[in-house]
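The first chain written gets the first letter, and so on, giving A, B, C and D; residue counts start at 1 in each chain.
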C-alpha cells in the first residue's frame, strides 16, 4: 500500500492498528539541535486521548509516549525520531459478535475489498487510534514552528446543528467540545449527551487558524499550501469536506466582493483565507472541515455479513458520540506538519 | 520549488506560463500498448480552450497539441509521453499598465513574496493556462480508464446563486455553462452576461461523478482516495473547497441518518459519496467543489504597487466572467489522473 | 534529513542509533494475506548479529525482533509491518574516552559537520546497528520473493587479499567468513585472527547472485535495476564500490568480447550480469561490492579533537576486524527489497 | 514506469527517444533569480554531441536547445525550466534491416520483455540520445553550483587497456578522448581508430572530481552522497560499475592504511574519496566508473529474431567505437544534479 508516509522535507510515517500491540510514528527531517522532551509531546497526546469528559469515549488508552531514537541530551539530533505508544486497553473480544458483519459507515467492507483480509479486531488503520502517531509527529512540528513564531489553533464551530456565535479563544480548551463559544458549548454538550443516551451520534464543523506564516509559503502547482492542507485533512477518517476562507460561500459571491483589496497596511479583507495561488499571503490561514457523525451507533441498522446474509447490527462499544473535540488535536497536528514541511521546501528552493 | 509533479505510479509533470512560449506535460507510467492519438487528446483540449461561447474569454489560444515522444505506430510505448502546446496568442503588452501593481485576488503578491521575482506577463504558473498540460495528461488517463469501464463526468450545479434543480446528463455539453439543468443554464448564462457587461464576475459549484471504480481503491492512511482527490482539486487555481457525498451537510446529520446501510444488493444510500475509510465502496464517487468568482474584473479596486504606493486598479483584459464551464475539463482530468494512479498502486500492492 | 526511507511501492523506513533504546523498521506496501512469522525474520537477524564466531565482534546484542503491527492470525494484512529490536547491551561509557575526538575512518567528523551535534555514544545512524532494521525489512521482502521463485544469495569472494578459487554454494553458511571457497575460508579466518591480535582490520569483496527474476524488471531511465541496486548497496556503511557482471574488467574488453550473444536457448554468456539497459535479462543477476577495512582499530592513529587539538587515538571496543561476514545478510536484505519494489512497479505499469 | 524523474528538491524529468521528434527535460526546484541563458547550456550540449572528432559517431544531431519556460528577463523565475531539442537527423530506415532481431549488448530484448512492444527505431529510452536532457538539466545545476564555489570535472583515465599515468587537467578538453594524460590520449585515439576500422569497440574508465563541497552534505541513511552518486551514474546506459576513493583497492587494504588520519590542517589522506558515512568530508570527492565497450559493432554476432529464429547480425550504423569521451559531460551533469539536490536538502533540514 505504501501510503503511510506524509511529507517531503519533514516527513512522518505512521504504523499500528487499534487493537494491535502498539502504534507510533517515525519523524524524519527534524531540525537538529532543538530542545524537546516527552512531556511536550505528551501534552498534545493528552488532548487527543479518550475519556477526557462526558462526551468522549470512556475507553482508557493510557497514551503514554516514549521517544526511542533521535534525541541526545535533551535535543534532537537530526536523525529520525521514533515515538511509540503501547496499546494497553486492547479488548478484541468486545468486537467478536460483529466480526463477520459490516458495520454501516465503517471501513469494514472497503478494507475487505482492498486487502482481501477480514481483520475484525476493530477498524485496522481506519481506526481513530491511528491518529495517535500523527499527534505525536505533529507535536514535533509544532515545536519547530514555535521557534518561527507560528501557532496553530483549531476549535469546534458547530455540533449537531448548534452553531457558535462568538469567538472566545481562551474558552476553547475550557469546554468539553472545544467550541469557541462557551454558551453554544453548553448546548452542544447537552445535545451530545441526549444522543448518547439513545445510542445515536452527530457531526460538526471544526475551524483551524494558522498564524504567523510569512507570505510566500506553498509550492505551485500541485503542492499548493491549500492543496496540501486539503489532503492532510481529508486523510483524517471522519472528515468529509474542507473549505478555505469564504469557502463554499464564495460560490455565491461576486468578484468585486470576494477579491481581497490591499492598501499600505496590507490586505483589507481575508476572503481568500490567507492563501492566494496556493501560496500564503501573510494573513491568517483559515479553513473549516466537515466532520461526519460517528459511524458507531448502538441503534439497529441494516447490513450484511461477509457471506452476504442480511442482518441487523448494533455497534455496542466505547465510542465518541461526536468526534469533533478529539479530532481537533489531530487537525492541528496535521496542519503543523504541512506548514513545517512547506517551510523547509521553501528554504530548499532558495538554497 | 519542485511541486510540479503529481502522482506516484501514474505521474504528470507540467511546465509553462501563460505568456511564455509553450506549455505542456510529461506523462510517466503510461500502460504500454494502448491505442492513442492526438485527436483523442485534442477533443479534451477543445473543451478547455477559451472562446467557446459568449460566457468564456474571447482569447484565442489555438490549443493544438503535439505528442512528441512515447508513441510508436499509434500505440503507447510505456516510455514518457511528452505533449506540448505552443502559446500562439501571447500579448504581454496587454498587461503592461498593471505590471507594477498587485491585482486583487491574483497571485501577483504571493508570487513576488515566494520567488522574489515580479514577472508581470500574466500570472505565471498561477494562470489558468497552466491547466492545459493537466487536461492533456488527464486525457491519457481517461483513455486508460475507459478500458477498465470507468468514466468521469463533471458539471456545473450552481452559478451566481442560481442552482440546478434537475440532473439531465445529456444536456451538460449542450449548454455554455455545462450545467446539468438546461433551464437553470439559461438563467446562469443571462446572469454571467449581465455581470460581464458591468465588468464583474461570479463563482459557482461544480460536481463530479466517477463511475465504475471497483471497491478497494485508495491508499490508507495519507493517500486516501478522497485525500488525493482533495489535493488534486485544491491544486486547481480557483477552487476554495471540496466536499464528498453529503459533505458539509453531514455536519448536521445524525449517525443513524448518515450511515449507508447495506442489503444483499449493496448499499441503500450513498451519503459517503462512494468512499469510506478513504477507500472506494463501489458506489458512484461524488464530490463538489467551490469555485471562487474570477479575480480579473474591470471594476476599480484598491491595491498597492510594488513600491507600496496605494492606487486603484482595473484588470482590463480577456477574461472569463465565470470560470465554471472551463474548469470542468480540468476537474475531470485531475480526477482521471488520481483514479488511474491509485488503480496502479492497488495493482502494485497485490503483485 | 528525511533520507531514512527506501523504495516506492515496497518501502522501508528505518530508525534508531547504536546506543539508543531501540532500532527498527516500518515496512509499507506489503502484499496482504502472506503467511509470515517472527521466527522467519529472526533467522535472518541471527545471521547478522555479532558474536557468531571468532571473527566477529563479541558484542551481545540479543537481536530479538517483535512484530508490533500489520499481522493478523499469522498473515500480513497489507497495513504497515512494524518490527522493533531493543538495544540491550548499551555501553555508552565504553566510548567515553573518545567522546571529544574524531575516530579516523568513522563518520564522527562528518556527522558533526552535518548536524552540528556531537553524539559521542557510538556512530549514530552510521553505526552497523542501523542495518538491523534493514535485515528485518529484507526478510519480509525475501518472503514475498520466495512465492515468486526468486532467491538471493551473497558470499565473500575475497578477504585481506585472499581470493576464492572455487564456488561451493553449500559451504557458504558453513564457514565463519561466509566464503564460497571452503579452503580459502580457512586462510581468511587465519588472516583475520592475526590482524585482530595486532589490533588492525581488513577489507574484502562480497558477491551477490539474484536468481529467478523474470526478464523485464527495472525502470528506465533513472530507476534502472542496476542503478537501484547500486544505490541500495552504497547506502551500506562500509561499501566503497559496486560492479555488475564483468564490471570494471569490461573497461578492458572489446565489444565483440563483452556483448552477450543469443541463440534459441537464450544468452550464450552473462558479461552483463543479468541486466541490459537497466532491465533484467532473465539471466542470473550478479554484482560485487568492495568492502573497506573496518575503521575501528586499536592501533594508534593521528586525529584531532572537537577543539582542534591534535592527538593520538586508539579505538578500543568490541569490533569486527573484517565486516564481510556480517555485511552479507545486509546485502541480501537490500537486494530483496530492491527487487520486490521493482516487481511491484512493473505490475503497476501494466495495470 | 514512472522512473523518468531524478531528485527531490532539485528535480529533473526527461523524455524522448532517439528516433522520435524531440528530447528534453523539465527542471524543477530551480533557485529563482539566477542569471542563465541558452548559450551557457549549449556549451555543455556541444561537449556531448556526436561528430566532435574522429573517435565519435559522425551522426549530426544539431543539439540546439531552446528554453521554453521558467525564464524572465534573463533570470530564472523559480518555476519549471523546460528545455527541448528537436531530433533533426532521424533516420529510422537505417535500422530497418535489424528491426526484428535483438542486437547483442543492446536493450532490444529487455525492452520487448518489459513493455511488450518492439520499437525498432533505435534504442528507445536506452539510447544515448536520452542523455541530452540530462546534460541540459545538469548545466542548470552547474550554474547554481558555480555561485557556491563548487566545480565538477570528469575525464578518461583508461581506454582499451591504455592507462593515464599523469594528471594534466588543462589537457582534458584538448584531446579527443578527454584523457587527463595527453600522451596516453594519443595512444587511446590510435587504438580506437584501429578498432573502428575492423568494426569493433572498446570500453574504458572515467574518473570524476567534485571540488568545493562543504563538509556535511549527504543524507543518512539511504540517500547518502555516495549512494545517490552511484544511482545517478549507474543510470547512465553503458556504466557497469562505480568506486569511490580507494574503491575496490580498499578490499585489499588494512584499516591502518585506509583510514584517513587528521591533523589541525585537516585530513592527511583521502582514501575515502571525500565521503565518510555517506556525508562529504570537505575533501575532493573522487569516484571512477567502468564504461563497457559500445554494444553496436559491425562484426557478425549470433542472435535471434523476435520469432526465435537464430541468425547472424551486424550493427551497421553511426556509432561511437568508445563512448568514454561523450559520456563525460553526462557524468558531470548527473554529478552536478546530485550535489545541488543534496545541498538543497541540507538547507531544508536546517530551516
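Assume contacts are C-beta pairs under 8 Å (C-beta built on N, C-alpha and C of every residue); 3 or more make two chains touch, one makes a residue touch a chain.
Keep in mind that what you see is a predicted model, and the values were worked out from it rather than measured.
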| item | value |
| --- | --- |
| Most distant chain from subunit B, judged by the mean position of its C-alpha atoms | C |
| Selected pair, greater C-beta contact count between A-D and C-D | C-D |
| Interchain centroid distance [CA atoms averaged], subunit C/subunit D, Å | 26 |
| Computed distance of Cα centres, subunit D from subunit A, in Å | 46 |
| Residue numbers of subunit C (touch at least two other chains) | 1-5, 8-9, 14, 29, 32, 78-79, 114-115, 124-125, 220, 345-346, 348-349 |
| Contact footprint of subunit B on subunit A as seen in their complex | 1-6, 14, 102, 104-107, 109-111, 113-115, 123-126, 130, 158, 160-161, 195, 200-205, 214-224, 226-235, 237, 240-264, 268, 272-273, 276-282, 290-297, 299, 301-304, 308, 310, 345-346, 348-349 |
| Contacting residues of subunit C [partner subunit B, same complex] | 8-9, 29, 31-32, 78-79, 220, 343-351 |
| Footprint of subunit D on subunit B - complex, ascending | 1-5, 7-11, 13-17, 20-24, 26, 28-30, 32-33, 66, 68-72, 75, 77-82, 84, 114-117, 119, 121, 124-125 |
